[in-house]
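Each structure below appears as structure tokens.
Below are two complexes that have chain A in common, paired first with chain B and then with chain C.
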Partner chain A sequence: MRQFQVDRRTLLGAGALAFAVPLASSAEQLTGLGLPWAPNTSSFPTAVDLRARYVYFNADEAAFIEAAALRMIPADPTGPSALEAGVPLFIDRQMAGDYGKGARWYMQGPFGKSTGTQGYQAKWPPAGFYRAAIKAIGDHLGQNNGQPFHKRAEADQDAFLKDLSGGKVDLGADVDGKAWFTLLLQNVMEGYFSDPIYGGNRNLSAWKMIGFSGARYDQRAYVLAYGKPYPLPPVGIGGRPAWSMKG
Partner chain B sequence: MRLRARAAAAVLAAGVALLLAARQAPVFAEVVAPAAPVAPATAKATPAVPESPQVAQGRYLAVVGDCEGCHDRPGGAPYAGGLPLATPFGTIYSVNLTQDRETGLGAWSADDFWNAMHNGVRRDGAKLYPAFPYPYFTHITRAESDALYAYFRTLPAVSYRPPANKLPFPLNLRFMVGFWNALNFKPDNAPTTGPNPGQHIVEGLGHCGACHTPKTFLGGDKNGHALEGGKLDNWLAPALNSDQRRGLGAWSTADVAEYLKTGRNARANASASMADVIRYSTSQMADADLAAVGDYLRGHPTHAAAVGDVRVDPKVMQAGQAIYVDECATCHAADGKAQPGYFPPLPGAAVTQSTNPTNVIRFILSGTQTVATDAKPTPLSMPSFGWKLDDAQVAAVATYVRNSWGNVAPPVSPSDVAKLRRKVGKPIQKPSAKV
Partner chain C sequence: MATKLPSVDAVLIGFGWTGAIMAQELTDAGLNVLAIERGDWRDTPTDFSPAYAQDELRYYWRHELFQRLSHDTLTIRNNQSQTALPMRQLGSFLLGAGVGGAGVHWNGQVWRFLPSDLKAKSHNLQRYGKAYVPDEMTIQDYPVSYDDLEPYYDKFEYLCGVSGKAGNLKGVIQPGGDPFEGPRQREYPNPPLDIPYAPSLFGQAAASLGRHPFPHPAANASRAYTNPLGVQLGPCTYCGFCEKYACGNYAKASAQTTILPVLMRKRTFTLKTNAEVLKINLSPDGKTATGVTYVDEQGREFEQPAEMVILSAYILHNVRLLLLSGIGKPYDPVTGEGIVGKNYAYQITSSVNVFFNDKILNPFIGAGALGVMINDFNGDNFDHAGLNFIGGGYVGILQTGARPIETHPTATGVPTWGLEWKQAIARDFAKTTQINTHGGVMSHRGNYLDLDPTYKDALGRPLLRMTFDYGDNEHRMSDYLTDRAAEIAKAMGGREIKANYRKGPWDVVPYQTTHNTGGAIMGESPRDSFTNKYLQSWDVPNLFVLGATAFPQNAGYNPTGTVAALAYHAADAIKAQYLKAPHQPLVQA
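== the complex of A and B ==
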């Protein structure tokens, strides 16, 4: 039994030996005389160019997205609407980019209705799914009384979105309406709360609403100030108005 | 029984050691490394045969002179030359110092070598360009020159001829250097190590003034302004003198020695061109010599005018503070005190208060990386902000750090930033960031 007992002195000695190994190394062995680094170089995001309007959505699609996003997040006393926050523009840039193309996704068949735990199962990447779904919804609504979604009354729009989310709208074999509604709602929330550099959350309005400090790293001065309001306004990756002298 | 326990402990120790070695535990090494024996960062194979005291002295003097800083090219054999030196007048390639008879110093005598070091004259009688710092090396003694010569005699011959210099007419005519010498160079007629070893290193082999002394339009040292700070390659080599704000006046001798040995101290981190000087030269110098250098530099008189009244637009300071709190405070802390020894404090720092704001602008635009030494093997880096801050914003935050926490320095203008930005180049996006 005693053979596995290690006395204190031996253990300390072992520890000292273990610690001695990295000490004997030179900087060259430890870091190869440097870690990867180059001047002017960093992993910065590509800011959305807000001068252009829609680059992916056509006029019909844009009208649908604007109307639907406005019903998902209407303006109220706590904060701006999805439209005011620039959400449709954010989604347009999402669809125009690698996310919309499913550039990093496995996009081969078989395709089918998702069991719910399978994740994304549409036969198109998100951009194509949006196009097909909005077209199918237009056709579906056109069959019934001809009024496109964005021209309908708010109550009517809400009723349709509710049906869509409940899987009660048949958009044909290829388009899973419920799955697309889930995707749209997800993208609307992303646009509302993401960094303004990507086109949504205009003027940091969503972050102001929830009191999120944004892309500020150092909170040591405030982290122990229990019960006191956080004193600084939110900041985006691209800054905040106080960074410029015009403000 | 006891034996087995020891064996078990040894296995445990080996396991832990392997684990630590595999992870390279940089943070740990960071904390305790100074206690470890320091091997040269560019450790050459120690000679199998013990070398003579003269060769050993020459080997050390080659380190003090940072010969490899210029005479090694990336991928080339040590001392084989070929590194392009971009001078304001054209590109000059360092020569081969190995013992090859055709392309190196193999055919040189000790007298030839002394003539080059002391008078700036090549073996064939042609004048060397002052990119080779003979105006400083002229202060070394004949014994030191002979020791260096003896060490270079031990370098294996490497046949390598550096590319031809790219100098415009008439600078490509070597006799033109004669005129330059007449104006800028005086051979030291009685070189001596003197009573002040720090001065002997700084003014001689160390050739600190090659970068840290302001230059005339001819590229010679400005008379009477030794070590007051020079420009080089779009950097400022800061003042090395007793100036409290812009020099080493607030540093102790130990501060200077620690900086030169490890690449950092509680006041500053070394990067850019100084990184190579520390890597090849000062980190391998004897502690006593570094202390002597520190003693000399921090007592070196300054002639720079005191900082006068500085007026800063409060709106600029407000914008600068907003940027500082959001971006810089992460490492440098809201009060600027940062993490001494890791992230350099800004209050009282020469780099923030130098009259010429080049370095503070460039650090913000391009970022920078601290040198890795055996004592401090983890090179800390500052990210670049050139991609997110425009010229006015860089100017505002630079002005803010130059005039906060007791700092005083002239404000930085957006046009200063624009000018430097054109020289240091555009932001580069890492491929991994493109989605």
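== the complex of A and C ==
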């Protein structure tokens, strides 16, 4: 069954590449023919290859992200930690892809300082912002007592992240530490709670912890079941672990 | 040099809800219609497949169905003293892209405005006096009445197969419906959706306080339905991926699921996708639109002549294209003169979370417009004397589906990360619900749209600049609504509640609503408006501007029902009057 999993993912990936040509490319003109349709034009998401290690992050960056994500969602019996759920790998793949490049974002200058209500104004898209921020944090900590973030005690790490989130860490003119913390926390939550096809929420573990039903198509039978636990386990776009991970 | 193409009877710019409605009506009247859409062709089986439609990361957080801001965005600021910066990432509102527009990823909340909403200025002045409607509040009456629009509201509701319960049939109040709504000629085409646990608890609690709860009218079909065009919708399956997503199930009304299967077969209709209109062309005297110039993906320019030009893009794009085309006088907030860009408005939202210890709510069982609401505090349904604001909004639980990246509310005092957060969300996720308030925004002198002096789009054209903030009127109103929501939240009997008031200036980051309005408003005369009541430009009578662009100010209801009703109202006037005397004004200035 493990073979099936790989095959299915390979298939999904290949499908996305081979058939990613938009149906209606350049100024298509449609007259009187009804709804246009062509086979194999659906665009399934491409599953992350879990076998590879970090693609975007270098070793220092990966060490920081792993340590910070673990403080944001620590290990305990309630459910998976950020590491157990695969959050750092998720973020790495996001940084390596269109999101990290800000492919859909408006990234033309000039870059100004936000009044606080104007949203993301960093001069880099997310991937560049991560690189600059982690470097600036390393420099900042090095100038203070020399210990990199990931080697510090948990209480120390928590205190630093709190200061970062509160805008109390000066990372220089270019790096708004608070804005980057907001981005990091958002990406950690995305990795924890998104469909496992993207590399986080490993084995649907975060969805199991909170009792989310996942990518369910038909929930009509449960709308009026007031107060009853949801009777089915969560399912992802790629199915459930039981379908492919057994044996 | 643009290639000149053969003329058409009517050219539509943008192909979402209003474009599809107008194309269907005008082709029925025998016209040869061309719609130019800058985005892709999109349809259910190929683009919204239920095999992968339920993907929170891809569709909401990575914006796959929305406008690519790398192509164009707008700049934003709260007031004229600030420097506007580009909206680099979508947040407060979610602009659509491609065939069907934002009507692909809407919730399907279909409301009618109140009769008094359409007379906001005269009604409120008469009831509350000048102190409640100061000069800086630049509100105006709509030039149409509720009775004018009623047949067209009805037409859209039947097109969409709206599921709901009438509260006022021909003046007779109906049990179980909204007693505050304007009179409707007949019942909704479909019965209400099944009501899940949390909204039912809200309904009980609201009723215990003397409020008037009713099921939210939903363009999510509660059963299989065939609309008057013969297009079929399937029953909603409560998958919980509706708002911000496309429906893979033919259950949520959109242009694709209600009009296109019929329209796309007509030989008199042509849709051109991946083609972007650069400007509306005018005759030398500026009084006639001669057509449009558009560019395709290869950068080739075409001139498309047309007898009639219909601007049917999203409101922000409509206003920008008017400004880029040099049509109408741009609004100046200092002098108060000019029309284009005037009276931009929005909506103001807040929420109250309710946490239960003992009640499993499964809030991820959802549909876009599934819920129980009250309109006791909407519009002028309550006495505002002593409250020092006008307007209002609805309050209720809309169970659109709790997707966990977006929805993981925690109780007061719980941090947003760390072990305590994790344990709280594990305990509370399935036992938490949220009451929302959704209030209207009035027009204020300093809220407007113009062209940005600095930032350009991918084609080198100036971006639209939005200058907007909530007024004191809106903050007082929203706080009042939030207090009323908190009363009901307490009566629901949970462990604890958390009221999230809307504080401070408008912020582009958190999602609020995609209910932007105004900028080329409708009115009684060219002195105070861009179009007449038929959405026809006063200055250029063969130009019609559809959409919420026409709203003189916003109301406390979602706008799509009114947007569609105004489009049908305009279409009827074009068919019955305009085509008999083309290029002539339908209303004398």
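Just so it is clear, the second predicted complex is superposed on the first by the 205 of 247 C-alpha atoms of A that agree within 3 Å, B and C clash if a C-alpha of one lies under 4 Å from a C-alpha of the other, contacts with A are read in each partner's own complex, and residues count from 1 in each chain.
Methods note: contacts are C-beta pairs under 8 Å (C-beta built on N, C-alpha and C of every residue); 3 or more make two chains touch, one makes a residue touch a chain.
All values derive from a computational prediction rather than experimental measurement.
S.K.: Return first, second, both or neither, reflecting whether A:Thr115 touches chain B, chain C, both chains, or no partner chain.
M.R.: Once the two structures are laid over each other on A, A:Thr115 reaches chain C alone.
S.K.: Report for A:Ile237: first if it touches chain B alone, second if chain C alone, otherwise both or neither.
M.R.: Both partners, chain B and chain C.
S.K.: After lining up the shared chain so the two structures overlap, which partner does A:Tyr217 touch, if you call chain B first and chain C second: first, second, both or neither?
M.R.: It touches chain B and chain C both.
S.K.: A:Arg71 contacts which: chain B (first), chain C (second), both, neither?
M.R.: second
S.K.: For A:Leu35, select first, second, both or neither according to whether it touches chain B, chain C, the two together, or no partner.
M.R.: Once the two structures are laid over each other on A, A:Leu35 reaches both partners.
S.K.: Hey, is it chain B or chain C that touches more of chain A?
M.R.: The partner with more contacted residues on chain A is C.
S.K.: May I ask you to decide whether A:Thr46 touches chain B, chain C, both, or neither, giving the answer as first, second, both or neither?
M.R.: A:Thr46 sits against chain B, while chain C stays out of touch.
S.K.: Between chain B (first) and chain C (second), which does A:Gly167 come into contact with in this model arrangement: first, second, both, or neither?
M.R.: neither
S.K.: Show me the chain A residues, by the header's touch rule, that chain B contacts in one structure and chain C contacts in the other.
M.R.: Common to the two interfaces on chain A: residues 22-28, 30-31, 33-35, 37-38, 41-45, 98-99, 103, 215-218, 220, 237.
S.K.: Please output the residues of chain A touching chain B within their complex, sorted ascending.
M.R.: Residue positions touching the partner: 2-7, 10-11, 13-15, 17-28, 30-31, 33-35, 37-46, 97-99, 103, 215-218, 220-221, 232, 235, 237-240, 242-245, 247.
S.K.: Help me check something: in the complex, which residues belonging to chain B touch chain A?
M.R.: Residue positions touching the partner: 1, 4-6, 8-10, 12-13, 16-17, 19-21, 24-26, 28-29, 32-33, 35-37, 39-43, 279, 315-316, 318-319, 322-323, 325-326, 329-330, 333-334, 365-369, 372-374, 376-379, 381, 383-384, 386-389, 392-393, 396, 424-430, 432-435.
S.K.: Any idea which chain A residues touch chain C in the complex?
M.R.: So the residues of chain A in touch with chain C come to 22-38, 41-45, 71-74, 76, 78-79, 98-99, 102-108, 110, 112, 114-121, 158, 161, 185, 188-190, 193-195, 198, 206-207, 209-220, 222-230, 237.
S.K.: Touching chain A in the complex: which residues of chain C?
M.R.: 40-41, 43, 45-47, 49-52, 54-58, 61-63, 68-70, 72-73, 76-78, 82-83, 85-89, 91, 194-197, 200, 235, 237-240, 248-249, 260-261, 264-275, 296-298, 359-360, 362, 364-365, 402-405, 408, 416-419, 421-423, 425-426, 429-430, 454-456, 504-509
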